[in-house]
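Chain naming follows the written order as A, B, C and D, and within any one chain the residues start at number 1.
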Amino acid sequence: MTLTETKMDNKIGFFVRNQSIVVPIAAIFVAFVLGGILIFLQGVNPLVAYRAIFSEAWFDSDGLLRTFQKTTPLVLAGLAVTVGLRVGLFNIGAQGQLISAALASALAGIYITNLPPILHVIVALFCGVIVGALWAGIAGVLKAYRGVHEVISTIMLNSIAIGILDYLVSNPFQEPDQSLQRTKKIAETAVLPNIGVIPFGFILAIIICLLVSWMLNKTTAGFRFNTVGKNKFAATYAGINMKLMVVTGMLLSGGLAGLGGAIETLGITYRFEPAFNAGLGFDGITIALLARANPLATIPAAILVGTLRAGGASLQFETGIEPEIVDVLLAITLLLVSAPILAKYLFKGKAQKSANVTSGWGN
Amino acid sequence: MLDFIKDNRKPVITLGLVTVIAYVFYFLDEIKTTSVLVFGWGYAVPLVLAAMVGIIGERTGVVNIGIEGQMLMSAFASFFGSVITGNIYIGMLIGIAAGLIMGGFLAVAAVKWEMDQIIAGVVINIVAAGLTSFFYAPGKTLPQLVPVVSIPILSDIPLIGPVFFRNGIFALATLFIVLAVNFAIFKTRWGLRSRSVGEYPSAADAAGINVTRVRMMNVTLAGALAGCAGAFLALEAAGTFARGLTAGRGFLALAIMIFGAWNPLGALAAALFFGISTAIASQLQADEVINIPQQFVNLLPFVMTLIVLSVAVGRVRPPAAAGQPYTKEG
Amino acid sequence: SSGSSDTAADTAAALDDSNCAAAESFCVGLVTDIGKVDDKSFNQSAHEGAMAAAAEVGGFYKYIETTDTKDYAANMGQFTDKSYDVIVTVGFLMAEATVTAAKANPNTKFIGVDQFQAEEVANLTGLIFPEDQAGYGAGYLAGLMTKTNKIGSVLGLEIAPVQLFAKGFEAGAKAANPKVAVTTVYHPPADNGFGDPVWGAAEAKKQLAQGADIIFGAGGGTGNGALAEIAKAEGAGTAVFCIGVDTDQWFTVPEAQPCLITSAVKGLTEGTTGLVKKAFDGSIAGGNFVGSAGISDYHDFASVVPMDVQDKVAGVVAGLKDGSIKTGVTL
Amino acid sequence: MTDYLIEAKNLSKKFPGVLANDNVSLTLEKGEILALLGENGAGKSTLVKMIYGLYGSDGGELFIKGQKVEFHSPAEAIAKGIGMVHQHFQLVPVMTVAENIVLGAEKTKGIKFDLVAAEKEVTELSIKYGLEVDAKARIEDLPVGMQQRVEILKMLYRKADILIMDEPTAVLTPQETDELLKVMQGFAEKGVGVIFITHKLREVLAIADRVVVLRNGKVVGTTRPKDTDQEGLATMMVGRSVVLDVKKDLANPKNNVLQVKNLNVRDDRRLPAVKDLTLEVRAGEIVGIAGVEGNGQRELVQAITGLRKIDSGTVVINNEDVTKLSPHKIHELGVAHVPEDREKDGLVAAYSIADNSVLNRFDEKEFSKAGVRQIGAIRALATKLVEKFDVRTPSIDTSAGSLSGGNKQKLVIARELIWGPKLLIAAQPTRGVDVGSIEFIHNQIVAARDAGSAVLLVSAELDEVLGLADRVAVMYAGRIVAILNQKDAERNKVGRLMAGGDVN
């Protein structure tokens, strides 16, 4: 073997060793190519279409702010689902938790009036987190003590949350003299500011993300979560209290979703309106899976989704392509990140087999 | 018959109880009871069919969270298939074929590629929502109506007759599909093998059963039932297609499947329970007999489900290998 | 449909809105409420109205469909950035965002469909409709036509415009026929409250079975599902009837034709067309513009609805318009 | 050459980082019982899995009855008359005996699977071969010995004439083992060829016609029982001589560490499993529980370690009542537990060896400071465990799931012994472990005793109990029917007691 060959090998080796990074990037690329074909079939130059998305989402200061704003709750919803997956729980209820929390923090922002600015924000965020956690906690308690499967309970709790919130904003907490179902605006003191184009909530989300990642990978608490998720029998053997873990897992998951809802309210919408948070919890599932239940990876995954969503409108304005194309792009990316086809094609025999992200119906 | 009851004690008792209660109401108010049950069964039909998809998949070891997308694609295909060909029957077949294709996709991704099954399902859901929305063309109507068929004799039974035996094709077929799936899973060779693959694939493999093939086949064929559910929604229930027509029914079906303990008859009972409580909620709203906001009345099916599950049923055990790809080393 | 290719602003033309700022060009933009321009309902009507107006005056037209309620401002921004002359925003959910945008862009004319203006902004016109009057007229007709003295309504989510329609419908029916019983059922709160034809159809079927012979379907796709179901029912068009909402659904929901005696309409399309044209000739004023509301043509049912009933209903609609009849509906 | 049932030529199999089989050649004749011996991880299971079509090979040729074959699945091997009993039973727990036996070769009646006929056939078959089972019983309700029978009946049902048995005796009682060996000999007399993997040299000498020994994936020798003895076999396997009898001094028991009083516990089916049981274990002594599996040993261990709810009675450890305490609290009192099912309870397959080596100690001060895991300390411990207990692995970062069965066991034992527990509860500590490692593990258990630990040993291996225990408690039907000192515990007497018989 000559020296150059060894060098080549090392270079390839670099890619082979970093498959977990190379594959997603390649996946996004292929997804954009396939999506480009769809766009082309509509009679539009794909490059023009993609330029429309990215120039709006990244190279326009309002657009960039919106990209960050959209990314923020997605990071947290993705984290919520991730934490659940790590404990072997499939939390389909991030949506319900997020919207309950959004209302809770709005109410705290409106009806608590005598607090100084920073404290008020903290209290309002806290209210959201608590309500999100408790709403998920119901599913946790039902699972731990009554054996009710979290997939059923969180689906039911989503619908129940929608009903209750609908009532609350059309009756007791509806903005006076308003036919819209929504609350009043929160007090100035409860507003989460933007720092230039970066919303403060985004920074908060990133910090939380780092903390969760650290917690899961470096702490004893994280070891407990992971062990329960990977083998509940061994976890019991290891002296871990399963019931407690199921409940705290759900509480934490719901709290994270709740924080997403609270930041959304205090940093973007400034009030609660049922339509505001539509679909965020379900996007959280996509993001957690795209990130393969790795907390740090939820950040790029959420940025991808946030970018596509922020740029979607500009896409229609510039080219007439319907914004739904964005979902098709996401689906293809998710498929290629998760299916072994791309890795096999790129790395042949050296393709790493990625472990399952979910454990079916949890355990 | 006795064996049948013995094998399926819980669902049979539940269904029996529901029947008795229904007849009590029937004697109090014939019209209301019948119409509420018609609503309830109509609501239950797609849930039952979709739950069958989930059950067949999971009994074979493959979690199918993509039922929602499979139904949506099928609904889309059956509607536009009918519109384009001008014939609803061809449309139905196109819908079922679309279901098969979607089932086949899940089979390839989750079984052949050994992809994470939940992810494969989520991909189906996103793709289906995206594509059916992207390619939706408004302003089309069905070329003809799905005829209502009455099964002789059976349809003359009071209450049960008009509810179950006077319906469109798919709604009629659903009862028989449930019985057939129940029979197939528990009484046939195919069922025995499928269950062994879902419970303990390496044992099935060691017994000479081709795990991959059984899973591929079942997941694909189950897609046809998702096709029926989609076609039912578009052609029979709504008579049209709309974006997001399935409206979360695929997820609800998963809940129904678990509620019914992965048992076809159990799922039937669970879906009827859910459908009827939804119907009762709407009836309470219409009658205004109790003076609480409709938002709360409409929580009835969800709250009832949680209560029933936490009080009565308790922990049920999924097929042991559901969700786990079967990997053969070497 | 894909994008705007079936509209006046097809793709080729869309590439050329670069000189909207110029005085000789007249550019109209439309932003939908969360929803699409083919929703067979208010987005579609406003879209058609704006498009027609732009075509009539030789202007340029383009739209954006909102996918996230938080994007209203950004979507309007797409148009203001290009100096569009008129921006139509559809739906009362957008009211506040529209006011903000109008204040920030005083040289652009804004038309807010379904948006009541509490305070006057010079370059913003709210196009509003007395939905309760439309519902009242339809209810009056139903009250006179029912044989069973039972009528019903299958509704979308319980929000203001739907409530106005529904309450107007009930009031009108009771006014025409004190013995009538009106069943009112809203879709349970859910993301798809206006897009659940399956539920709408099931509810309609149930109400029919319980003796209702005229049903008012009001709530986007959910209501349309009800209409289509009634059209399939035994006696559709002879013993049982349905009533549509918003636009003349004879055209937008053709599968309902077998039972559709009329629709409780608000003049969304004409209203939008009219206001856009006013904006073109400069005669538009800020504040509120009350569009027309009433009931649509009977179409094939002109021969089914007795003449005296037609006359009475016409009288009521006229009375509502001139204010001599009040619906008495409050929210 | 057509006389061979199996002829393997230079079979090889690679796993990431391991050459599990390296040019292995082997033959099997009609009517022959061929024993495969080798240390844990030597490649025995891998070899037979290739023959049975579970693994593909990376080189070499395989001939079955003179025909060259290349199997892609067990179905093809089954079609050639090969049957295999896996050490991890390949039975579907929720199905019945009859269903499991006919699975894959079912008869049908119309479109129905004919369960009645299957049950009848299975009953007949089991009577014919003297392997009685209840055809209608569910597998998960059966004791392991019964499950083993079902596995064998499965092969008989398929009329296999090549039988592969991977450690079939590891979970059997001595009586059951003897029965099985007889059954195997019966097969051989009928012309069936048998490949028999075991770690128990006694069994090899008793019935094998020929012995092939593997080491590090290579065949290192072939011999015949008449040409060798236990020592000789052990030396061939391990490469050194092995002391097969436990050497230990007399016990010097001190204070009571474990006191179980009038204990009542139920099993998973809510039936009484431990009945009014009383037992004491002192520091510095080994109490062995002898008994046929399924007589409540598992429930007893789980009750003591806090894994199972106690109906009534008390468990006291070091003067502290632990009856209602959690497994965690009990562990903190100085109790180590080697669980019976290492794969399910004792290890997290997806975790590295390092993480597994603190599986139940992760929150101890040494490994966790202020809630943060001390990776350095954890890795140091793992390295120590691997070295001291000779766990064969490429590195401590390897996942525990990819260790060979015996090495998994060694890892668990190492973890439980290393910290000097006050009370060691060891269930089946040497199941599936090679002779060299058994020697080592036994010595470690004795060393723990000598260092002052109280040891409760539960083993289905009567020789192990008799060899290690200072006192032998015989358990039958949930009760302790006798407690004997080591010197009084002679094999036959204990055997009779285990079977529910009288002392006399």
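We take it that a residue touches a chain if its C-beta (ideal position, glycine included) is under 8 Å from a C-beta of that chain, and two chains touch if they have at least 3 such contacts.
What you are looking at is a predicted structure, and each value in this text was computed from that prediction instead of being measured.
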Practice prompt. Please state, in steps, how far chain B lies from chain A along the shortest route of touching chains.
Written response: 1
Worksheet, complete the sentence: Comparing B-C with A-D, the busier interface by C-beta pairs is B-C
Discussion item. Using Cα averages as centroids, what's the distance between chain B and chain D in whole Å?
Written reply: 44
Worksheet item: How many Å are there between the centre of chain B and the centre of chain C, using C-alpha atoms for each centre?
Response: 35
Item to complete: Between chain C and chain D, tell me the centre distance in angstrom, where each centre is the average of that chain's C-alpha atoms.
Response: 75
Worksheet entry | Residues of chain C touching at least two other chains | 2, 158, 188-190
Item to complete: Name the residues of chain B that each touch 2 or more other chains.
Response: 134, 295, 298
Item to complete: Go through the chains and record each pair that touches.
Response: A-B, A-C, A-D, B-C, B-D
Worksheet entry | Interface residues, chain A side, partner chain D - complex | 218-224, 227, 230-231, 233-234, 236-241, 355
Worksheet, complete the sentence: Per the touch rule, the chain B residues reaching chain D in their complex are 187-189, 191-193, 195-196, 199-200, 202-210, 320, 328-330
Item to complete: In the complex, go through chain C and note every residue touching chain B.
Response: 1-2, 36, 38, 40, 44, 152, 158, 183-186, 188-190, 192, 195-203, 205-207, 209-211, 221, 224-225, 228-229, 232, 252, 254-255
Fill in: Complex contact set, residues of chain A against chain B
38, 90, 92, 142, 146-149, 151-153, 155-157, 159-160, 163-164, 166-167, 170-171, 285-286, 289, 322, 324-328, 330-332, 334-335, 338-341, 356-361
Discussion item. If we count contacts the way the header does, which residues on chain D are in touch with chain A in the complex?
Written reply: 306-307, 326-331, 337, 339, 341, 344-351, 355, 359-360, 362-363, 368, 371-373, 375
